[in-house]
């Protein structure tokens, strides 16, 4: 169960409205790596978790914080839109360059659809979607997904930090940046702990029998481009992070097989076929092919 | 430039067609973490790279391999669909339970749209989409995204490995599993190398001035749920992976501010407003509010 | 069957082109609550209707009108785009602020994709989609959906009315506003008539046996936030609109159960599991678990 | 801020797993009218609200409950998937009709992507999307949207109630049905209260000046189909629900204007044009047309 | 304006319901190349047309027919769904193989969302979307798009024709197949007429000055694969269809340039950069770089 | 297999950065008819091909070239974005009209998400999607799809050619225009060759028995609009392109049937039904209806 308190974790008040910046802020609310994504992601990972205890509590504990960040950003965006212009014609833009800039730079649906309100969309107006969420049930994979989400998220917040001079906005972003720093560190540490405790290991999934994998291809860097510098990296020689092999470097594939012949599906799919098509005009039984 | 050779890196021939399994295999071709995703992701990361040399060569070198894996999977799927049934009615399903099972388990569009062919979609028929790609220009974030993609991808390949007994299919999956093992190791190692060389560091982005972040909130675990076990994790005390702080644990937020008052945008957005709406019936100038 | 007449229900000619406003008008053509939505929605509701007579005739009668409104808006948008600029570079924008404003404010795909034409998209260029349509087969639910669509639509038309001073555009919008007024009234009245005639009633669906619902929870307002003012509303005490109960107010949930334990699916899904993973290396029969 | 408690509002335990039904339940979790939609919708309406007090408290109070329902459904779905089969080939389906039925009826991504877990998608695997949310800032429109959402939602829950015999599942659905009954009643009552208090009225938006609308077209039923029965409805004669007019009935449009002539945009859009195309080969200035 | 008549162009009555086949039929209603696509496509091409007369009349004349086909298919699908089962659990499927087949083969949302009704989606439940529509304003390009749409559409109808034995369904499909034959012929003929009349020509757009194109690369087949057989085709030598050149064949590219160096954007985007990042901690003016 | 060479087929260097134009160029990279579409489309057509030899080699040969064009455009876009502004607030836009124009005209996600990089999206930021791809297995249909794609693509490149004066950009576009000219000619010629060789013919699919189609409706132009000019076209009389009929012209449909009666699905779908709803309160067996 979730309980709501009509307070915010941190102050979310701009010094002044700024409809152009409101659109930028939509990215970190409703974008691929915005707050809706992490809130929902941690939620689904917790609900699908197969083990109780500290890892699941971690997911619950942070997930609820992120729903609060969704709210914080939505509230901030609504205030940034408070002076969004109700006039948006070519004539208006031509007669007033400042208005023209606002019209060009803001999200037009923030005005028409939401009446100067926040929306569950990114900075280009693409609706947030469930396919942004990663929750595989494998915690080492998922914590790595979480670390990535917090990194991408912090990069984006850092970028929009410089897009404004508004002290109120920057203060709130400073807070979110710090929380992203925490969450990056936390997911990286939690991923390490999974390995230290032997709960999960590399390669993910570690409980898949390695005997089922073609081990002879498991540690070869195979170069399919003509740049030679990748051979200089520590991924081209030396021990592998999973502790189970040694990297080697190949300048091109060492395996190759001819392509299988083209397929010949049921002629009633009416594909183009080299040999004379024997169509069963009476729609007779080709079922025996199945 | 890309050059194509009409050979495959590994054999991609099933022992026998299997339209039901073909649908499962679409996930690792055209799903969120399928081969199209990693091929395009490594491509865009390379094209957007700001530094030449080993890291960009790495992206080019692996990206082209992944395009070959896209092809390998598509070729395999087409063969698995070679006996896909052309009859798919209720009558047919009722009279033949085996056919009924195939009809229920295969991708209906593989038949109607592609005539027993592979498609750039996932196992539920959702089209592949560009929003699966991550390419931020920050290499530590992006390599972490890549590590995650290879982990999720290997988890999925491991799952579908057990969904079939076909030796031809399993052989090819064994090869892909091994390549995923390599790529997991490689991106983890490359991410470490970025840090070792000081090219990039935690927290990402490391070149954002820490003085701009509210440092006092950067290492606190704040528990928004009522599970206490998260306090036992190494993310709740001890040094942080970025080497710049110490984790602390808080059982709930230590900051709180009242919500800002509701916004009052231009009345011509016709939102619902508590005070009497002063509508300018003649559409007079409310522009001075802007 | 639909028959087309090369006339419009109302004049759709702008005084002058305005590419910026053309983009705004796309919202009420191809947006979530644009004319394509209502045309398709009334069509699908009619085609799926289970009763002949006045309600279905109503859907057919209005649906066809809405397809004409789609046309009217598309024709208007094409004219608004008639002077859309063919030059859209930074140099052009920098040398001519008016052009810069047009470039920033118009839909770039209207130029590149449609050659100055209307498109089945909203004002942010999101393609119209079938998931905007509601047609459940339950007429009281669907007429409520229709009333909502006409309300949201009229709010949006009212908003864009103020975004232009063009008399030709405003005249057409005045007409559409009036039709939205009609359609709001009509769906509300039709919903009432369904209840008056006993065809359908609250709660929807009224033909679901109430004995199957946990009636003791059917009229309680349960407050999951800390704002107390909702207790003052008529939804917190007094008779309910369905005529079958009395509202009561609870300051928080009066029921609570512990979470079920985490799930333990087949180990071959390779999720992360607390107990030792017993992987059947030979992929032996775990099927007996099913 | 949101706070999480590791308890559920109602018991969410099935008597036995049922992967087929798990897919049906995804509709009311992640579909157009599922719990994610209403949770997010009430949230955004609250965050964008322009008035404090009982209406906003109502949105906050119910919104947080709905996030708890999201969790309840996700937890239930994970349990229903607990015995989801790890084998899903044609051979398996053919040898075991029961397994074949499960393979055909369950969501394939629940296995491959989530490892037998819930996902933010509908029963066909379409990801939940932000465009399901309605939050216009006009409360009468939005409360009508909410009433519709609760009606559609209850219709869907009623439908899936009959798709299972599992007592545990039915008990939880009985609870959700009761809450939908409450929420239908509540939004209808709240919409009435808005009108009774004069905060908002019909036609929505009521604060748009009626003088700007072509009033002579505001109460006419115009029949664009050839069914005559719609004339019998109370929407074809008598007073209108907004209290401002009388319905009239027209058997076809009473207005008609000729189509405007085709447009002639800049020739550099290379559309097909009847008159000789005068292409400025030197790309000379056609800008003066703008 | 569109007018509706409550009659169908052809009989649309199945001999018996068939929920499995209903799902297949959704493809030709709401798929990429279904009837909604062509109806909307011809509509938008007409509304955006720059020339009056026979070509635009053609678009209007056929477009309205296609809206009637949308209706015909929706009506047929609703009848095919008339016996769709209300029970869809694992227990039901296990106890009744016939029911199990229906559950696995039908569209689950047809039941839960539409209550046994048609929907604007394809056979995998993907909602129809505006991006299926092509309307560029260039008639030769667009008529070629139309010819393609009618070809793909007829291929799909031919495929589903064989998926059923129902005489009523097959009769209607026979009619639709014939109309697709007409429309294929018609668009091909109309495209020819555009060229014969000199209204438009190859290469499209023909009114773009050829002097602006790098003519030396305009007729070379450049082989980027290692298959040699493409040299045998008439696209590798001989006159070109546009009558303006001769095909030649190259076994690989005859041009090549080195890649440009990596980009160095503003450091405040926090990308990963080889040279020491000079971050302006005081966020000083880097604007002079612009 | 694909092999990558770190060279481009043609020079891709702008004279100067231009973030506004970069957005326009995204359309021909990641739009419906951009280079990603044709690269993937030719790939899937090849992988699904049922015949070896020249047609499949053609698809492989061109497909790999198009992947190189994807790269060329991405590299160009990254350079055009090299001076994209890191400041994007209302204050900045107001104080500097040139900056304001850039902010309004560029893709905001190019900055926030990609850090001044290219992305797999169109010029409005819609992600590229797999549903842009056509690969039916019928080569005449698919080659027509390809001809259309190259036509639409060349129209779009021609349009953006005029949107810039940058010589570097225009040079590359000149090259792409020439390749589009080649590819238009090539697909048209290949489609002709399919017919000349009798591999495939009109109407597509030609191997579907014409006896299954209602031939009497196969060559009639049926006018559903009131424009008479379509009768003047060669599609209204004379021989048909498939060589199998004669066009005729009808001013309206010559067939008509009454609508089937409304459907009566299982009452447990809770649709609205005219006759008294007989709900089986005990959820008794209505299964015998199936």
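A few remarks follow.
Note that the chains take the letters A, B, C, D, E and F in the order they are written out, and that residue 1 is the start of every chain.
The criterion applied here is as follows: a residue touches a chain if its C-beta (ideal position, glycine included) is under 8 Å from a C-beta of that chain, and two chains touch if they have at least 3 such contacts.
Keep in mind that this is a model prediction, so the values were computed, not measured.
Here the chain-to-chain distance from subunit A to subunit E, counted in touching steps, is 1. Between the two copies, subunit C and subunit E, the Cα superposition rotates by 180°, quoted to the nearest 5. In summary, the pair subunit A and subunit C forms a contact in which the copies contribute largely different residue numbers, shared numbers making up under half of all those used.
Taking the mean of the C-alpha atoms as each chain's centre, subunit D and subunit E sit 26 Å apart. Chain geometry summary: the mean Cα position of subunit B and that of subunit F are 25 Å apart. Centroids of subunit A and subunit B (each the mean of its C-alpha atoms) stand 6 Å apart. Of all residues in subunit F, those touching 2 or more other chains are 1-9, 32, 48, 52-53, 55-56, 60-61, 63-64, 68, 75, 78, 86-87, 97, 100-105, 111, 113, 115-117, 121, 124-127, 129, 131, 136-138, 140, 155-156, 158-159, 162, 205, 208, 224-225, 227, 253, 256, 263-265, 268-271, listed in ascending order. If each chain is drawn as a node and touching chains are joined, the picture has every node linked to every other. Residues 17-21, 23-24, 27, 31-32, 97-98, 100-105, 122-126, 155-156, 159-160, 162-166, 224-227, 252-253, 256, 261-265, 267, 269-274, 277, 279, 281 of subunit A are the ones touching subunit F in the complex. Residues of subunit E that touch subunit A in their complex: 155, 158-159, 162, 268-270, 283. Subunit F meets subunit B in the complex at residues 1-9, 30, 36, 40, 43-44, 47-48, 60-61, 63-64, 67-68, 70-71, 74-75, 78, 113-121, 127-131, 133, 135-138. For subunit D in complex with subunit C, the residues that touch the partner chain are 6-13, 32, 52-58, 60-65, 68, 75, 78-79, 81-87, 96, 99, 102, 111, 115-117, 126, 129, 131-132, 134, 136, 138, 140-141, 144-145, 147-148, 151-152, 154-156, 158, 161, 170-171, 174-175, 177-182, 184-186, 188-190, 192-193, 202-205, 208, 212-225, 227-235, 240-242, 245, 247, 253, 255-260, 263-266, 268-271, 286-287, 289-290. Taken together, the subunit F residues at the contact with subunit A in this complex read 1-6, 48-53, 55-56, 86-94, 97, 100-101, 103-105, 107-109, 111-113, 115, 121, 124-127, 136-140, 194, 199-200, 205, 207-209, 211.
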